[in-house]
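Structures given as structure tokens follow.
Paired with chain B in one complex and with chain C in the other, chain A is shared by the two complexes that follow.
Presenting the complex of A and B:
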């Protein structure tokens, strides 16, 4: 029997406190330590360093983490498979391929738009392909969707690898591209940071609207159908929403695995299986986690940076394994 | 001793192109045994007539030594010199096939240990008795040593000495242009994504040396080799000059437009220069041209 579950209010309060601490730490740590008293205090060089250089990136990290864990939550809900996440299901691979094309062939699109637009087209296109395969024969089969996603992810990753090898020589940005693909939060402009807020709210609201349907889907397609949910539309909506979240995350953070897998799982253990509370909780927790990871990436070997995707796997992997063992013990 | 002093010593010795490694037997005789960049002993029986080489830097050295006729095949990534483009390719971006190389019956391979697929050629050919000469280029003096080493391996010592001497003269000429003014601090961006993943170089990279010869002081010379740095690390070091290497150079304004960068000293003072990456990251004879381009970016008033 699992322990008593928390309700959303106290859980969000705990997450909010953790979040404030994480933001404070992240703003203070970097290529140089700046204490909160300094960045909250008198104007000066250090204050400028934090607010001009660090804060936008911290915001981007939160945004990336929130999008990734929301995408993971949606995919796991739709496919009723604990392994489902953007990286397994082709949408991240599609975003990665699109972004690689944008970075390798910069003359293709206006530079300001190439990366996010191509990442979005890649994630969107891959998700549509998976849905199309799942739809063949009329009946929806989650297992088939999942397999199609895994196969497509393999194909797209291979294409990306091929592109990198063929176009990667002295005359291209190879090192920057490889590093970005291992995960690296980019620094947005202040105006772009302000744009994150509405996006997050919109994504969260849309996901929250799907929550009852995803809960019903957890009981099986037939049960969901009988509860009055239009399963194909529900699945398509959730997958495309997850693709959108993945594309946004990839275009600002590169390819960062594990966040979309770990965060929804941990929160499900903590809050229970209902998607209503899980949507906001996952977004906040994923964002906070990513803020912490990016802080380590920026500051642990400053002035050098570590790709954030390596950190999520190296730190997140063992943490997740330990949690799995711990839960096994308790049950 | 700094590397630059070391390079100067190499020149001052008059035998600037003196063998960097011991040569067995009197000069001009075969067989000869050389020690290559991996400290491997390489025995060459007679003046090589069928040379296979991969990587732009190695091809450029061989062609600059006037050995074009003796090069039978090259790696597929080479874009310079123009006459090299007609040579058959033994592979490239996707790897180098030992079988394709063997088909040219080479009597010398010249490689650089920077690519796993190229390393895959070392074992089979060494076992088959074909000498494999490995070149490395951690700094500018080693580029000159490579020229000397290839000269010894091919019997082109005289050309190597001439080429090396000429390169040093050109480097000294560039230095003479800016000497008298203090070096300027500089951030050299070797690659970047739009808003991050800023790649630069530190000590142990020939470009760090090249900057020093051009009158620059690399703000990241405390790092080793190729490194990624954060935007705020660049802001903290606030270089006087920013040099960005790009495949297809965009206007310098694109750098100033990066979030926050308009506050950097180099941007405020208009000292941002975007250069075509081209040969600047190829550690061959054209490094002199890279140094000249860096010097123009660092001390434009001296090159007016």
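Presenting the complex of A and C:
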């Protein structure tokens, strides 16, 4: 017998409560502790600090985590491989290269748009390249897909390094680029956060619409086709969405690994493998996780910040290994 | 047992002069064949005969070099995928789920919720909470066919579903498909000629991408046709009141 799985309602309720606590903690913690009574109370400097500076940052962390988790879930669904995630498949490296071009060569595109657009083009191009290599001969080769992703990620990372060497100097804020590569959530303006919200909802809705197709894809291409899904269109749609989510996450959070791998995994154990409930649950859980990670990143060594990408790897890696061992014991 | 009178006259699936080529190799050559609206229709023949290509072509997954496939009189490419899915169910050769689905979750992927009667007929009630990938071959086949039959498609295509089952489970599965074939057309790819002779209402013998013969098994599975299909002399051993076993007449080693 398999352990009883939770349905979406109670799971979302648990995640919502955790999210509220995480948001509260994150708004209070930072270089200086501001108690909830102050940021909820009378207007003042501390209240302004929290709502103008911390709140957009917390929201941005949530968006980055939600996008990374969604991208991981979609890639795992399309590639039918639990190891697939934006990092491993070269998608994040593609976004990273695109973003590095935008940062190093601001004359190419208007600066406000260049970062997300170039990140998206990089993520999308890399995903398609991996997909094309994985499908050579007409049939999916899961191992070949992953190897292609790993190789492409290495090539794109090397290209990014080369660009930094050739074009990077103090005048092109090299330090900021290196810090961005290590992963760290940006502090956006309130208006930017409000503009980002509908995009996130749109992404989630589109992914949720693809969920039955991704479920069917788990039974094989022919079975999915026999259930009425146009497999090439389904794959193209899911890769496009995943690349978009990766690009948005990379634009606002730099290169942050592990979130896209861990969150869908843990939720699959918790809720089961059907994508319908997994899409909203992954987005909320990924967002909440990233809010917590970002809180630790900016408050544990304040006023300095620990790169969030380092934290997710240092904490997420062992946590994931422990979970794997625990599940092995139970089974 | 066979009951040719169960057959309806109007064809459900019709292959007209179908040719499938990959490079210079012909996987199907000038194949013209009709499948009636109900009954168990067996496809037999040696490896590489084109049986699985036939199934893929019937699903619309195989590009045709020539000819056409019609479902209910309409060309396959004129069907919308959703409409076609309502008419045609498919059980693949290797039944496997990439994800750790329970049987209940697998059945949620069906185009209609499975009825209590269906769960009873396929003996799945006690398996609903089990993981699909940990079931025995027979249980997996039952669950996979139940998922496909939940919305009662007009045609079920099953590509060697009995291949990995032991003898009792092979017969149990064929009886189950025979029951499905009272309401739908069931096309099943088989290697076991005994099963084909015993359970199928009609049989098509294929070899090297061509249709050699088709019709009721008693009339079609004769020594000459089988020897031609398998390019080897075969001997049929009759089983009283049932069908026959077929064994190759191997040369005695020197």
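Definition applied: the second predicted complex is superposed on the first by the 301 of 331 C-alpha atoms of A that agree within 3 Å, B and C clash if a C-alpha of one lies under 4 Å from a C-alpha of the other, contacts with A are read in each partner's own complex, and residues count from 1 in each chain.
In this text, contacts are C-beta pairs under 8 Å (C-beta built on N, C-alpha and C of every residue); 3 or more make two chains touch, one makes a residue touch a chain.
Just so it is clear, the model here is predicted, and its values are computed rather than measured.
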For this session: Once the structures are superposed on A, label A:220 by its partner contacts, choosing first (chain B), second (chain C), both or neither.
Result: second
Exercise. Which partner, chain B or chain C, touches the larger number of chain A residues?
Worked result: B
For this session: Please indicate which partner A:42 is in contact with in the superposed arrangement: first for chain B, second for chain C, both, or neither.
Result: neither
For this session: Could you say whether A:179 touches chain B, chain C, both of them, or neither, answering first, second, both or neither?
Result: first
Exercise. For A:32, is the partner it touches chain B (first), chain C (second), both, or none of the two (neither)?
Worked result: first
Exercise. In the complex formed with chain A, which residues of chain B make contact?
Worked result: 56, 77, 79, 92-94, 190-199, 220, 223, 226-233, 235-237, 247-248, 250, 254, 258-260, 263, 277-278, 281-282
Problem set entry | chain A contact footprint on chain C (complex, rising order) | 56, 59-61, 81-86, 88-90, 92, 94, 96-102, 105, 108-109, 111, 129-131, 148, 157
Seminar exercise, completed: chain B partner, complex, touching residues on chain A are 30-32, 48-49, 52-54, 56-57, 103, 106-107, 111-112, 114-115, 165-177, 179-180, 184-190, 192, 254, 298, 302-305, 307
Problem set entry | Interface residues, chain A side, partner chain C - complex | 1-2, 5, 80-81, 212, 215-223, 225-230, 268, 272-274
